[in-house]
Every structure is written in structure tokens, then in C-alpha cells.
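First chain A sits with chain B, and in the next complex the same chain sits with chain C.
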Partner chain A sequence: MTTEGAVDVEQSVGEGSRLRTVGGHAVLIVLSVVCVFPIYWLYATSLRAPGDVYSLSVLPWPLSLEHYADAFAKADILRMLINTTIVAVLTALGQLLVGLLAAYAFAGWKFRFQKLLYLMFVGTWLVPFQVTMMPNYVLLSRLDLLNTLAGVIVPTLCSALGVLMLRQHLLGFPKELLEAARMDGRSSWGILWTVVVPTLRPVLAALGILLAITAWNEYFWPALVLQRSNDVVQLGLRSFMGTEGNDWGPLMATAGLTCLPVFLLYMVLQRHIVNAFVRSGLK
Partner chain B sequence: MVAGLLVESPAGEGVARPRSAAAVPPARAVWWRRALRAAPPYLYLTPAVILLVVWTYRPLAQTVQLSFHSWNLLPTSPIREVGFANYERLLDAPDLGASLWQTLVVILGMLPFTLVIPVLVGLLSRRVRGRAGAVYRALVFAPMLVAPVAGAAVWQWLLDPSAGIVDKVIGSPVNWLHEAGTAQIAIIVITGWHIVGFAVLVVSAGLTGINPDYVAAAGVDGASRAQATRWITLPLLSPTMAFLVLMTVLLSAQWTFPLIDTLTQGGPAGATTNIYYLLWDYGFHSYDAGLGAAAGVLFFVGFVVLASGLVLLSDRLSHHDD
Partner chain C sequence: MRRKLLAAVGAALALTTALAGCGLGGETPAAGSNTTTSRIPELKADQQVSIVFESYNFGQAGAWTDTFNELIGKFTAAHPNIKVTPQKPQGNSANPATDTIPSIQAQMAAGNPPDVAQLGFSDLDFTINELKAAPLDDLVGKDEVQKNFDGAKYPFAKTARTLGDWGGKTYGVPFVFSTPVLYYNADLFTKAGLDPAKPPKTWSEVEQAALAIKGKTGKEGVYVDCLTKGSKDWCFQSIARSNGGRVISEDRKALSFADGPTVEAVTAMQKMVKSGAMPNRNQQQGTEGFARGDFGMIVESSALQGTFGKGLKENLKSAAMPAFDGKPVVPTNSGASLFVFAKDPAKQRAAWELIKFLTSEEAYTTIATKIGYLPLRTKLVEDPAGLKPWADKNPLIKPNLEQLDRMEPWVSFPGPSYLQIRDGMMSAVENSVFQGADPQSTLKTAQDAAAKLVPEGGR
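Presenting the complex of A and B:
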């Protein structure tokens, strides 16, 4: 029952345990290859010379950027990337702000209808998007927000996930800090910005990145709002996908560009991004 | 429950609130002050609640209302009240049953990717830690970050019947996405590819949370490794597994939507039309708002029943490590 017992067990099966470790590596290597191969093939195809697109050689050689040039010539990809960045950043910032204020209320006070209001947030998970899309579409068209980026951003500004995760963190917030700030005679608004936000900065950053990546990859809502235009990369990419006779090189180049910002972010902040996603799943 | 943390700290007021003034207050001032004291949480909640009401609960109510009307979504055309006609039409048409069946197929088809493979991989690779473990984690998680449309594009290329690498490797030109038998399989595999790494990480997080002393103790008592896994590790992992099942049931069909919309458009011959795609189709392809709304209402009710059932079930089945 103690660590000593654990050590005994380890030693008695020393040979078997080494085998097991090797087996573990093997399983993970196979899974990693399966997971990464499509991504690798995407970039490999996009970097082949136009004549080599159908080649099955694993290494794309000679390298060529021609498909990228082609993609840029066919569509205004730069503008799409900028638009998508605007949508992702504003959505994430808005969701963080709205979520932080709501979570602050839930964690900091006891008030009437608290349970009911909390259930309102949890309940959004039970309302599938497809059930609300028609009335929302009609409202957007009345507000003249169809085919605008604002129409993509505004309806998504309240993220129940953000509220619930921030509330969880705020409930674990050191009470002494708040107590001290209150003794200083600061208002709750002041405490939020001078005590809570600076302390929660890593949490806010991780959640912000999660929300921004989600917004960047979002397809359903932009497809509905921006019906006739292809203002964000996901839709631009869709317009590249013909039903038959695809031009695979430029298509892969566009798909590669669509994913590139997220992957760059991932390379820099790998651990934080994985943790944010897994934790969002566990809570 | 740390609620009430800031209870005594209404906005704009410090500790210097004069007690004596409250002793003989005029009635109106008391009312006003009490309102002010109670206001802050509601004020902080206002933006979020307004957004929820406008973009989630108002449309939900309107969908219910719309399901009793006939309308083609054009602002200029009239909206007629039709009673339960939409529901009757819905239940008479074969679409609904077929799409529910396809939804079930998707959910069952997803379970290997969200539960079976992750648990197996998690158990087999418990000993892999450190730098190598971090690299594997980074790699298997990557597909989760690929935008669904980009995933659809690359898989369309991999599965292309004339030039795709999959058919070249197996040596026969299967038209995966345009044959009724294989299209649904392809959609499930692509969705599974997106999500499997995430599920593996959730399982390994769950496994790390289990106290190793339990298994060690069982070993001391003479239990074999397989017995320890079956009777100790798996039961302790059951909350994680319950979460994964819940996630699969509630979200599988949702995840497939961008793939279906870009790759098969619900075809061939409706073979990949699940309930989510049907709702989209009624509303925005057939412009039959009433029928779409009726399907949405039925679907929402079913969803609530299913979700509450699953939550109750998982509460009952889960063993907790106390």
C-alpha cells in the first residue's frame, strides 16, 4: 500500500515492464503516424511542383511554391486571412470579457435566482445550433447584419464554456487577496481589474487561445451569415472544393494556409493549448 | 461553495459606510440602498444574459412558434398558421426516420474512436512519460486543430478514386464518398480522425488522476496485471468514460456537419443525411421554415430526454475515488 510495495511490484516484473514500455511506444507511434499523415500529405502535396501532384513519393521534391502562387491568384486569400483573424480575435476577446463578468458574478456573490441563471448557461448545451438558426437568421437579416463580419461575431459573444470555466477558476481564487483588496476600500469593479484579472492572466490567455482557435475553425455560422461572399478562410476553402475535377495543388495550398496560423500558434504554445482543450472537456 | 465571497462589498462603497445613518432612515432610502446593494451581480451578468436571451432562448421559443406555421423565410411572404400540420407532414415523410437511423449509425460508429481506441491506447501506453510522451501527445492532438473544412479537403484528396493515395495503396478504385455503402464510413472515419487524439488525451489525464497505490496494493495481494486493470483501473476510470460517451452521443452528429456539407451534401441518395443535416436542408435548401422548425422542436425534446437520461445513468454507474 506504500511506495515500497509499488517498488516491489515493479522489480518483480522488471523484464515484462520494459517490454510493456516498448509496446506503449509502439502503440503511440502508430497512432501518431495515423493522426499526422493526412496533415503531412496536405502540406507535401501543396509543396510539390505542378507536374508532381500525383506522385506518391513521400518526400515532395523538388519543392515548389507554385501552388501557393496559384491559390493567391485565384482568390483574395490575404483578405480572407485578415477577415478571419479579425473574427477570431474579436470573438475571443468578447467572449472572455462577457464570460469574465458573468463568472465574477456567479463566484463572488450569493443572489436571488442564482441557480436559475446558472442553469440558463448550462442549458445552452441542450439547444443545438440547428434549432435556433432560422430565427437567428431572420433577426440578423432584420438588423441588416447578413453578409457582415459583425453578423458572424455578435451572436456568438456569450460562450457558456467560457463562463463555466472562468467561474471554476474564480471559485478557487485565494480569498485573502479579495479580502485585502476590500479592506483597502476598493469597489468590486476595481477589484476585478486590479486583483482578479492580473492573477488570472495565464488562465485568461489559455482560454482566449482556445476560444480564438474555435472561432477560427468555425464553419456553420459563418456559412449561414456570409452566404454569398467568401469572406473568411473556411468559406473560401469550400468554394475551392468543386464536386468533380479538383485542382488538388492549389486546393491543398489553400487548406494549408487555412490551418497555418493555428499550427504556428500550436508550435509555440503546444502544452498550454492541449491543456486548455483537455480541461475544457473535463469540466 | 465559496459563494458570498464579496457579499459585503457593493459597487462603489467602501468600508466607511456610516452605520448611524442607517439607524433612522427614511423608507425610500432603505429601498434604494437595498437595491444598490443587491445590484452588482445582476449588473455583471447583464451582458451575458442579454446575449443568451437574444441568441439562444428567444430563437428557441420562436422555433416552437414557427413549427405551427407555414412560411418560406421570405420577409415579404405571409406566415400562415397551420396547427399541427407540420408535425404530421414530418412524421409521414420517410426522411425523419431515415435521418434518425443515420444519426444512430454515426454515434455508434464514433464510439470506437472516442472510447475504445482511447482507452486501449491509454492503458497500453501508461508507462510512456517524459519528453517522448509529450511529443506523442502533441502529434495525436494535431488533427483536433485542423479546421473541419481543411480536413474535408485533404480527405477528399486522400480518398479520390482516380488519384488518391488510399485507392492507389489498396489497388482498387473505390469511390468512397459517392457510394452509398462507403460514404457514411468515410464521414465517420474522418470525424474519428479529428477527435481521436483529443479523446486519448482525456483518457490519459483520467488515468494520471488515479492513485497508483490502489493497483500496487492489488499487486501485493496477488492480483495479476489484467485483474488489476479490470477490477481497479477501469472502474476508477468510469467517470472519464461516461464523459466520453456523453460527448459522443451529444456531439457526434454535430461534428460531422461540416464534412457532410462540403463532401457529400447528405448524399448519395440521403445515405449521409443525419438529423442535423436534415434540419439544415429543410430550412435553407427547401425553404420550408415550418417543417424545419417542427423537426427542430422534436429533435430538441429528444435531445433533452436523452441527455438527462445519460447524466442520470452516468451518475449511477460512476465509481468515485473518495
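Presenting the complex of A and C:
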């Protein structure tokens, strides 16, 4: 009797947990479909025949690559992708370098106004981009950097997020290791590159990927700086929209191509990217 | 003494704050004062000049950018001493044409505005009175400006010549525009038992045809792309004028979009929504739905003709703007003019040379055949060596060309808050037509609110 009761309870507990699991999966499946469908629609539209571009059918048939050919004919997609890669890589490297040096100083030394300076550094994170946009624009104009890739990169070289994250990691860095390196007679500069950086490599890789993806997706600032060309791919996308209506076919084809490098990066370095998001506390 | 000092400091602070609040920076002339400009000398043959030309056409890939680059190439070949740098307006709107004014303002703040810019007619008051575009009559003389309108062989359409004028002077040379056209889907007309050769001529005929299409084909009847904030007010003004109304009084002192005839016109549009002839859709849903074949008719600018043609092909037909029963249609224009912002006389002369070239017979022939824009030198379409072959192949442009004769200008609102006035009016129109709000009280409330934004004494 008692045994039968226990089995019943176990069974109902088992069923309850299975139901919860099934329910949880159902919710996740619905959410996944909601997230993936716009991306599916993007590629589906890009692969429709030109006459079917306004079609609402879920399956694009017959398939056609004409929109891709059209996109390459109307815009210099290859140059845009190369330029965007240059911007994303240089921006991420610059932000890592500035962040590393600043974090090393904040974590490794004690100096006057240290906390205040750090707060000011991090405080820049709270200032919306729109506030600094015009002064930056005027400065670029005076430096004659408007309409150049350097103009897109230079004002974004310091990332408060980078400084904040790297400082947190450096604070947890074993002091004994630094002391030992100093006793070996290494300079501060030498310690940074031979002791700190090799140890922080996973963190730097994860943060670098995060910063590169952010720079790759950036639209607002390049739209202000690059007035005489569509040198980066996010601006190239906009060039298929306008007063005369949106050219959805090549627009979707270019958007599909723009997503590919980030998808590839994500697939190859999935663990690092998830790690980067978890470490940064961002979603 | 101390009180005086405090008062002086206070006054200085107030003045500084007020000046900073003007927003455009020190290089922008104060509103209301007219720039005095003297006649500019001709360029010497070896005088090298560089100018910047800003146009929203450079923001759109394909035929637009390519055609304009081709024109700039031809201009440079004819004027080797003038270097033209083309650029699109800066900004991040999906439609670069909406970035034009903020772009000029930002570049003025940086002390570096473009020398020539293509700006919309809705911005005319602001362009002249706030941004201080140079009066072309003063720069090169009235005769020279009129000579350009007359052209080498084909003059500008009479109604188009004065669209860039202000206070008796020409500031902008009208460049490209459309009038409202009724596009319709011949296939849906046939399926609904309507004759595609006899498109509706009045709004009541439009409503009947729309209901027939909806009833017999299950598709939507009509979309009038003139009645939302997103559509701006260029063709809403045509609807108001065609019923005897105006959005602003002729002396530009008082708003009048809540007057009887305009309210009546809005009520007629609302009736089409209530009867089911027109669904509640936004601009994009309307235009793309029509291109997809889901609407029987649409009132639209010819700028979208190419988009419609891709979807509907030979089923796309065009007709004149519908009339209110017993009243003449008053078409208005969309589009833009070319203005000069250069301050240096050599750049001003180079800018004028560029404007002359871009509005020449040669340029209009290129623009019409490659982009499909309406040639403002209308008689070009009768010239077998000009645009006649193109016009014969494109009968859809006919209603647009015919409407030019009785066209009236798209009137811009006055003052620095002109966009707020326009958007307030169009929000009230949208609420009335599509949300079922009472047109009389909704338009009156919007008009009373917007009246506070009209500069005292009008303009």
C-alpha cells in the first residue's frame, strides 16, 4: 500500500516534470521561430524571382539569384564588405588597446584622483551618442577627416565598456605574479605584454569579438561621416531605399550577404561570443 | 553700482543663451534679414573652382546615382575648370529626401554647407528665410535666370517656372517633380466588370469602382496616399484645393485647413474608409499592396511608377487626379528645386553653371529616359529628336504632363516650426480619415495648436 503510494507520487512528480519540460520546450520553440522567421524572410525574399518580390508566399519558388546579381550591379558590394571589415577590425583593435592600457593603469597603480578619473571614464558610457555627435562631427570637419574611413574609426577608439571589463579582470589578476615579474627586473611595459596579455588572452578575444560585431553593425555614425559614398555595407543597404520606393530584392540580397560574416564568426567562435556576452553582463 | 554690474552680467548671460539657442551656430544669418548679394563675375577660362553638390538622388543606388554621376561627368567635360563633388544628405533616415534640411543645418554648424543643394518645395520658406539660400536674380540677374527658363529650344512649363520664387525673386530652379496621378490595375478593373479604358474621373466614381473591385475580386479598392503624416501634405493640398479649400491663407498670415471646403474634402475621404472602399493602411502598406496587385487603384506621385511597373507590368495604367463633383481639379506638385548656398562669388558662378546644365534640354532628356522623371521642359516630348520616342513608349506619363497646365504650387508653411505645423495638420487628417475622428473638430484643434507656431504677421 505504502509502496504503491510512493510509486504514484513518483509517477505524478515524473509526469509533472515532463510536462514542465515539454511546456518549456514549446515556449522556446515558439520564441525561436519568432526570432528566426525575420531572418528566414530576408533570405526567402532575396531568393525570389524579381516579379515575385512582393509575394507573401512562405516558400520562395522558383528560386532566383537575380537579386544578388542586381545588388552587385548597382552597388560595389565587395568593396563595402572589405571596408566594413577594415572598420570593424581596426575599431575593435583600437578599443582593446586603449581599454587595456587604461585598465592596466587603473588596476596596477595607485595615483591621485584615480577613482574620480575612473568614474569619469566609465561615466562616458552614460552620455548618449547623440550628445557627442555634433562636437565630434565639427572636430572631424576641422581635421578634414569627414568622408574618410578614419573619420568613422577615430572617434570610436575608446570604449568605456572595454575599460570597465578589462579593469575588472585585472583587479582579479594575481598580484604575486606581477611582483615576481618585477623582481625579475621586468619593466611595467614588459610585464603588460609578457605576463598580463598572455594570461588575459581569452578575455581579450571574447571582448574583441563583441566590439568587432558592434562596429560591424554600426549605422548611425558612418551615416553622418560618409556623406560622399556608401563605403560601409550598412550604408550600402540604405542606398536601396528612397523616395522612389524600396528596392526590396537587392536590399534583402545585400542584407543577407552582410549577415554572413557575422554568422560565420558566430559559428566558428560560438563559445567565445557567448562567453563575451556573459562576462559583459549584456544581452 | 553692484546692482548695475549684476544686471549687465545677467543681460550678457541671457544674450549668450539666446544666441546659443538659435542652434545653427554663429555663421548662420539671423532669421528675417535678407542676404544682399551682388552680381557675380563670369569665371575665367583657366580659373579652377571646386563645388559640392548635395542631392538626395545620390542616396539611392542604381539608375539615380548612375544617371546623376553621368550628368556630373558631362558637365565636368564641358567645364574642365569646375570640379563638382557630389554627395547625399547626411543622416540616417530610410528615405534620404527627409534628411535634406537637417543635413544643411549640420553642415552650416560645421561652417561647411554644400554650394548647391536639391531641396523640397515644402521647405521653400525655411530654405529662403532661415537657411538663406542666395537669390539667383541678384547673383546672375533676372534676365539670365529667365533665359535659362526659356531654354535653348524648349521652355519650362509655365506653371513650373515660378515654383522656386519668393517675394518676386527666383531663389530656386525647379528641378524634378510630379503631380498626383491615379494609377490603377487594369486586370482588377476587368475582373470587377469595369472598363479599364474608362477610369474614374471623380471621387464618387472612384468610390463606386473601389466597392465594385472589393465586392467582385476580394481585393482592396483604393488607397489615397495623401492622407497620412508619412505622405507629407503635397497631394493633400491638391485634394483641399480641388474642393475650393486652402491650408494657409493667400497672404500666409493665417492657417485655414479647418475651413469648410477642406473639412468637406476630408469628410469625403473619411466616407470612403467608412464604406469600405479604402482600407486603413499606412503609406508603405498602400504602395506595396498596390504593386503586389492587392489594390485596384492608388493616388500617388509618378516617382513610384517604376516600383508599380515592376509588380503590375502591362496591367499598370494611369489617369488624372479625380475631381470633386462639379469642381475643377487643382493638381499640386511634389519634388524639389536647386538652390545656391555658396558664399564665394567664383563658387556661386560655378554653382549657377551647374544648375543651368542640370536643367538643360540635354540633362532632362537623360533624366527622363534613364530615371523616368517628368521633363519640366514639356515640349521635349513632342520632339522626335528629343523625348518623343520615349514618351510614345511611356503613355503612363500623359496624365502627369497634362496636369502641369493647371497645376498650383505645393505651399510651404511659414516659420522655423513649419514641419510641426505640417505634421500637426496631417496627423489630424490621418486621425479623421483612418481613425474615424470628427473632421471638423479634429482639424480645428490642430489648427488652433499650429496657429501659435506661425510667425506673427505671417510670411
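By definition in this document, the second predicted complex is superposed on the first by the 251 of 283 C-alpha atoms of A that agree within 3 Å, B and C clash if a C-alpha of one lies under 4 Å from a C-alpha of the other, contacts with A are read in each partner's own complex, and residues count from 1 in each chain.
Going forward, contacts are C-beta pairs under 8 Å (C-beta built on N, C-alpha and C of every residue); 3 or more make two chains touch, one makes a residue touch a chain.
As the structure is a computational prediction, the values presented were derived from the model and not from experiment.
More chain A residues lie in contact with B than with the other chain of the pair chain B and chain C.
By the touch criterion stated above, A:Thr258 is placed in contact with chain B alone, chain C being left untouched. Of the two partner chains, chain C is the only one that A:Lys74 touches; chain B does not reach it. In the superposition on chain A, A:Met120 contacts chain B only, with no contact to chain C. In the superposition on chain A, contact is made by A:Asp247 with chain C only, not with chain B.
Of the two partner chains, both chain B and chain C are touched by A:Ser141. Once the two complexes are overlaid on the shared chain, A:Val131 sits against chain B while remaining clear of chain C. Contacts of A:Phe220 after superposition on the shared chain: both chain B and chain C are touched. Residue contacts after overlaying the shared chain place A:Trp61 against neither chain B nor chain C.
Legend: residue contacts after superposition of the two complexes on their common chain; A:Tyr266 is shown touching chain B, with no touch to chain C. Residues 53-54, 56, 134, 137-138, 141, 219-220, 223-224, 238, 240-241, 246 of chain A touch chain B in one complex and chain C in the other.
Listed in rising order, the residues of chain B touching chain A in the complex are 1-16, 38, 40-45, 47-49, 51-52, 54-60, 62-63, 66, 73, 75, 117, 120-121, 124-128, 132-158, 160, 163, 165, 168, 193, 196-198, 200-202, 205, 212-213, 216-217, 219-220, 225, 240, 243, 247, 250, 254, 257-258, 261-262, 276, 279-280, 283-284, 289, 292-293, 296-297, 299-300, 303-304, 307.
The residues of chain A lying in touch with chain B in their complex are 1-3, 5-6, 8-9, 13, 17, 20-21, 23-25, 27-29, 31-32, 34-36, 38-39, 41-42, 45, 53-54, 56, 97-99, 101-102, 104-112, 114, 117, 120-121, 124-139, 141-142, 155-158, 163, 171, 173, 175, 178, 182-183, 185-189, 191, 213, 216-217, 219-220, 223-224, 233-234, 237-238, 240-241, 246, 248, 251-252, 254-256, 258-259, 262-263, 266, 270-271, 273-274, 277-278, 281-282.
Within the complex formed with chain C, the residues of chain A that make contact are 50-51, 53-56, 74-75, 134, 137-138, 141, 147, 219-220, 223-225, 227-228, 230, 236, 238-247, 250. Those residues of chain C whose C-beta lies close enough to touch chain A in the complex are 54, 56, 59-62, 64-65, 85-92, 94-97, 103, 106, 109-112, 287-288, 291-293, 303-304, 306-307, 310-311, 313.
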